[in-house]
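Beneath this line is the structure, given in structure tokens, with notes to follow.
By written order: A, B, C, D and E. Residues from 1 in each chain.
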Amino acid sequence: MSIEKKEFKPLIVAFCCNWCSYAGADLAGTSRLAYPAEIKIIRVPCSCRVNPMFVLRAFQRGADGVIIAGCHPGDCHYTSGNYFARRRMTMLFSMLDFFGIERERTRVDWVSAAEGVKFSTVMNDFSKKIHELGENRRLGDLRCKQTIDR
Amino acid sequence: MQRIGVFVCWCGTNIAATVDIDTVVEAMKREPGVVHSSDYQYMCSEAGQSRIRNAIKEHNLTGIVVCACSPRMHETTFRKAAKAAGLNEFMVEIANIREHCAWIHKDRTEATEKAVVLARTAVAKLNLNKPLTPGTSDVVKRALVIGGGIAGIQSALDIAEAGYQVDIVEKEPTIGGKMAQLDKTFPTLDCAACILTPKMVEAAQHDNINLITYSEVDSVSGFVGNFTVKIRKKARSVKADICSGCGICTEKCPSKKAKSEFNMGLNNRSAIYIPFAQAIPNVPVIDRDQCIKFKTGKCGLCAKVCPADAIDFSQQDEIIEQKYGAVVLATGFKPIKLDNFDEYSYAASQDVITSLELERIMNAAGPTGGKLLRPSDKKHPHTMVFVQCVGSRDTTGCGKTYCSKICCMYTAKHAMLIREKYPDIDVHVFYIDVRTPGKNFDEFYRRAAEDYGVNYIKGMVGKVAPTNGKLMVQGSDLIADRQVIIEADMVVLATAIEPDQTAKSLATMLTASIDTNNFFTEAHPKLRPVESPTAGVFLSGVCQGPKDIPETVAQASAAAVKVVGLLSKDKLVSNPCVAGSNELLCNGCSNCQHVCPYGAIDYVEKEFRINGKIKIRRVAQVNEAVCQGCGACTVVCPSGAMDLKGFTNQQIMAEVDAICR
Amino acid sequence: MQTNNRPVKEIAQEIFAENQAERILGWKRGEFFYDNSPAVFSAADELQEFVYDAFCGSNLSKFLVKEAAKEGRIAVLLKPCDRYSFNQLVKEHRIDKENVLPIEIDCDGMVDIDKVRALGIKGIKSISADGDQLTIETVYGQKNCSKEDVLLLKCQTCKDRTGGDRFALVREIEEMSSVERYEFWRSELSKCIRCNACRNVCPACTCEKCVFDNDKSGIANKANSDSFEESLYHMIRAFHVAGRCTDCGECSRVCPQGIPLHLINRKVIKDLNEFYGEYQAGADDSSVGPLTSYELDDVEPDIVMNRGGGR
Amino acid sequence: MLQKQQLQAETIRRISGVNTRKCMKCGKCTATCPAHSEMDISPHRFVSMVENNEIDALMSSDSLWKCLSCFACVERCPRGVEPANLIEAVRVTAVRMQNRNRLLPENIPSLLNNKLPQQALVSAFRKYSK
Amino acid sequence: MSSRIWSIDLEKADELFNALAAGQRLYLPIEQAGQVQFKEYDPADSKQKVRLDALNTVRSAKDLFFPQSENMAAFKREGKKIEIIDNRERVSPFAIFGVRACDARSFEILDRVFLSEPVDVSYADRRENGTVITLACNEPEETCFCEAFGIDAAEPGGDISAWIADGKIWWQPITARGEALTEALADVLTNAEPDDEKLVMQKKQIREIIAQLPLHELSLESFQPERLKEIFDSPKWQELSEACIGCGTCTFVCPTCQCYDIRDYDTGNGVQRYRCWDSCMYSDFVMMAHGNPRTSQVERFRQRFMHKLVYYPANNEGVYSCVGCGRCLAKCPSSMNIVKVAKAIGGEANV
């Protein structure tokens, strides 16, 4: 592993529900509202599709932050998905906090298809927090962070 | 191993200006599974699509990744192109390098790097894609309408007119619902019976409509296009097929002490009765709680006088089972009970009545023959007070939090009709707000105040005290900033309305959701207002929320159109991206069933051969025709037995891995 | 020990005498006085080895998943805390209630022999109790200790007996700073040898095939090959049993490394109670758990960010 | 001046626990009030006056001391606004502003009447210690 | 065995450990969150709590030679090419102090498996580089039954044997490797008499306690290879296994269990192949394409004890694959263990 100190380039995984937040991200794009390139979006049908395992997987693989975006409560395309997601993620985040993982590394936000501005603001804000926190050293798999070498 | 082709779109300069296309194309060539990687200016153009089609054939591709604009834009386009080249349309993945990359990043290196990551993420997912085939299911060409009020009748008529069989299930002995009880209708003041009864007759005589009155839905199983419904036909004690409706039995019946439901208990009916003259079907029913024959075993007068020999005391409830392709809920409403509002002395004085009771009093076919008389002494009233918002807009738990919507208008109607017919009666209306959005509604209300001299008082009634045969009404007049006391002869309460009590059990049977007030929830509050979230179940009338007659009729027709649209299909094609349970892993715990918003998951006891032994296990099965693919079930499944096609655990984790590489 | 003033063994004998069940799931005397094992008795004469004393910590409900599926009605002895697990398993259709005769028995706390050892007491030969005082005969002489001090963790804050504050330790950890919490769990979880005892004993973990054994799940593994996997295993496990865990405390009891695993589950229970209202899994056998239901006005996930506790 | 009234209004809202914004101005309180004939300011205006920080006017009104604390308005309000609690809080504020209490603790036992509801009693003490 | 013997004051144990740690990595029984494990000793870390009084570490000393998880090779893909990288751990010399007689014997049992052809190079490498310093058991537990395997807890063996007696650590090199290490410690160790009265007394005392232990009488006589079929078919297995929950605790705390699995982990950047302990108690143990040969817990349960008490001795001149350390007795969640099995099956076989 290279030991020279590089500028911290975080890795952020965003799970966006197909109906609201992914469309919100599209609108941010159409409106040319920039947010950092370190944020990569995974499209899921609904925020309730996000298994806590996926969040942990992202951290395992070296993510510095994970954000889940879904329809506003009450607006879920599937009527109740985001309500379940809300409970699950609250519990997951609380557990991560209990294990001493920085609270700011995880976030849930509700972004509608009309909220391109909000999408960009939320992502910029989240990225800023991750930059402040720096590299995720508490929850990750060393095997994934290192490049295999002799 | 897949043979993947990657197609990178320039989108003119939209993408190419910030993303270095060559870098992406070259990077993808090194990705596992990729056998072809190329680019084009406009992938979505016919020329672009033909390049994709050719490449699929030339390189024998098993799947394609298109790096272009949002999948919300052109996913369908590229799926069609792939299909045209013989590929399964679900072997297509889109990397959104325009909206999510090129358009939001200025730095070319940064944008190119991100585009590579997004592309390889799509490749990683596609490597795990499996061809998916949409499921199909047959559609039973018959609809069930639950509730025979104006909403149900209208829906049924429209569906029947389109050529489909419709059954109306009505729990009362006659169809007609609440509208049949009304006198006149706002804002045109047509007589309700005059406009409703022809519709009732039309429904009864329609070849495609089958009325199942005095009946309730017992159970529902199945799913969109194929519901199986058990209907309980309550014993009428009268053979409907031979009864001529002559009514002799009702005249001769010696038990005449029962309160007439139709007339809101304002007068009595016999134990064997027809709710009202124009009832459909015009067949009496025996109220077994009141009937002397049923109570003591003696009497049987009705049977003796019946010229058609239609009385059958031994009749039992009958269960009919029928299959339907669609269900319309039109269960309507009822006024709330006023137990929590003793300040209005509703229970203490006969002269304090609800608006629906007033409808009956003013109706020519009503208990007073249409004469406005005080119920207590049958005298002509001189002063009448109307109170608005009784139990509506109440957040204390005594009443309902919502606005009942129809009260402002029917009160204006009542006030106007009274002033017109009896100009000697002073009419006062206490109101919080007068809400009149609707065609000709405000004009109507103003006419009541301006032309008919109805005294509208901005304020509420605090107390109604029966005193010396009068009603002392103490209220506030906020405009004058004073308390007013009116000595009234009658007080009419604009009682809040609530969904009929049958809504709740039906919601459970149909897995149609209801809100905290027991109104049925619509699939989308704006865009799908007449559909329930459960496929194949539609909403008509007040069961979805308070509304007046024109709105109800409009929604009823809208629901009918949705039903007709559904029944016109021979097969339903379902989204193949649905949940599926790996039965070998399933524990049978029911977690998934609890969270499914569509009731798409059933459990079955199934035989398995495990290590040579036969074992019976309880396992989940997803009804693919009902599942909408949200994935809620996948997360609550502890063993990971439940997965979502098209968005499997493995696929999403592969995406995570590809991003975090 | 007795239930309704009758020795539990008598109850067991009666079950066979009156033909109430064909088999009884109980405990069998061990090699020493403290190592009683869960056992199935299928005839009255086998009950000679039956035992119920202060060393019957194991929760028999879990064994029912396998035993109740067999032919013949089985009676099971359930301590008050085990009853919750039984209900929960019935709720999740893991036990055929019809085939089981649940017998509730009293319990006044189970002793943790490891805690006795941790007091430096070695070579234990026997223990006798006089009220709360235990007298321990060892090859190195006689020792004394208080019973309360050596009770199993789960018994010290028993839901039914003492009503102690079972969340006190959770609160203590919550009050630590984020780094301290991290280090606390690193130090505890790095002891984990991934023997799966916590999972296999857990009455909420009855999957036909655990995700950690399923190569297709993406998280299957046999060893904690990286420190991440130590955390992942216990986090996922806690999440899978969230809302279903009855807090029976078996995970901590069986952990060969003495990791206080029950604290993770208690943290979840505490959160669920605070966020969504008091809920005791297994209090009945039909209610829907907090993670398979919701309210429109549930707290938002940022409550984790904004509430108290150490940062 | 306005600022003082604003602070007072905030205090009144705080100690009464009343959210004045919940009022939908239906007038049910005024309609219900048995002491209305004695009042110069109607109960429904208590709420809007506190909401609009018109505390001085309220403090100097007769209504303040005419309210019977019968809680009929609280009982009947469809929005759970609790005007009587609000007026009670105004009274407390007024009494506190006098900087002395005319009602001495030693005089209280003789004034107690077990038949009266506690709240009415307390409010009566407050009125007569004005 | 060398007749030379050395000693150092127990109070100066730190000096001994520091001197040892100066020459190689040193592993000691160190307390971690309430449990004692063999961990690398760090002279600079004052928080480390060395626990020479702890009889058994939770995990046995086999960890140091046969770790729970170790890398074997890695694979890296570049385009369509796959590169194989040997990234096994480079083992440097180490010493382990405080190994009890039972664990010391376990190495002999593991050696028979891993050092016979084909030799397990990782294990051999660690054995080559590791010096085992044993420590006699002054306070054996009631769960101890090493005596049943002819182990003398008073003469613990290893490369160097050590005793604690009379406020001193006594130190006796046994093998050439032990001698060599002792030489390097000349500055800290003092010459002593092998027949020092205090040391002899201590050994006598240890043997006396062992004779009092409850499992003193345990006999494994009946587990003879020729009775294999009879033991295998015993109906007792069914009831014994009923309590087994199928976890791997007994196998993972066992100093002689030697089964492992080889797995690949996709790191995203390549594949890491590693091996890790496996347990015959697990349902997916020796899982093959056709499935698993032992489909029920009773078969898996029987396998473990048959291996320890019948199959292994049948192939290894009657040496049992158990050393009587008592860890499984203390740790089994259901308190089911080899002693109960030996008594139930062996006892029955004796009749």
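FYI, a contact is a pair of C-beta atoms (placed from the backbone, for glycine too) under 8 Å apart; a residue touches a chain by one contact, two chains touch by 3 or more.
Keep in mind that this is a model prediction, so the values were computed, not measured.
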Remaining touching clusters (ignoring chain B, no chains moved): A, C, E | D
Labels of chains that are neighbours to chain C and to chain E: A, B
Remotest chain, chain A as reference, centres from CA atoms: D
Selected pair, greater C-beta contact count between B-E and A-C: A-C
From chain C, the most remote chain by mean C-alpha position: D
For chain B paired with chain C, centre-to-centre distance based on mean C-alpha positions, whole Å: 46
Computed distance of Cα centres, chain B from chain A, in Å: 36
Distance from chain D to chain C - Cα centre to Cα centre, in angstrom: 57
Distance between the centres, which are taken as Cα means, of chain E and chain D, whole angstrom: 81
Junction residues of chain E, two or more chains touched: 265, 268-269, 272
Contacts with 2+ other chains: residues of chain D: none
Per-residue multi-chain contacts in chain B, two or more chains: 595, 636, 649, 653, 657, 660-661
Which pairs of chains touch, using the document's own definition: A-B, A-C, A-E, B-C, B-D, B-E, C-E
Interfacial residue positions of chain A with respect to chain B in the complex: 11, 13, 22-23, 25-26, 28-30, 32-35, 37, 40-46, 48-54, 57-58, 61-63, 77-81, 84, 88, 120, 144
Chain B residues within the chain D interface of the complex: 343, 389, 393-396, 398-399, 430, 432, 458-463, 474-478, 481-483
Contacting residues of chain C [partner chain E, same complex]: 28, 30-32, 34-40, 58, 62-63, 114, 118, 122-125, 138-140, 187-188, 190-191, 193-197, 199-201, 213, 221-225, 250, 253-254, 256-259
Of all residues in chain B, those that touch chain E in their complex: 30, 32, 611-612, 657-658, 660-661
Sites on chain E touched by chain C in the complex: 32-35, 37, 55, 58-59, 68-69, 139-142, 209, 212-215, 239, 242-243, 245-249, 251-253, 261, 263, 265, 272, 274, 276-279, 282-284, 329-331, 333-337, 339-340, 343
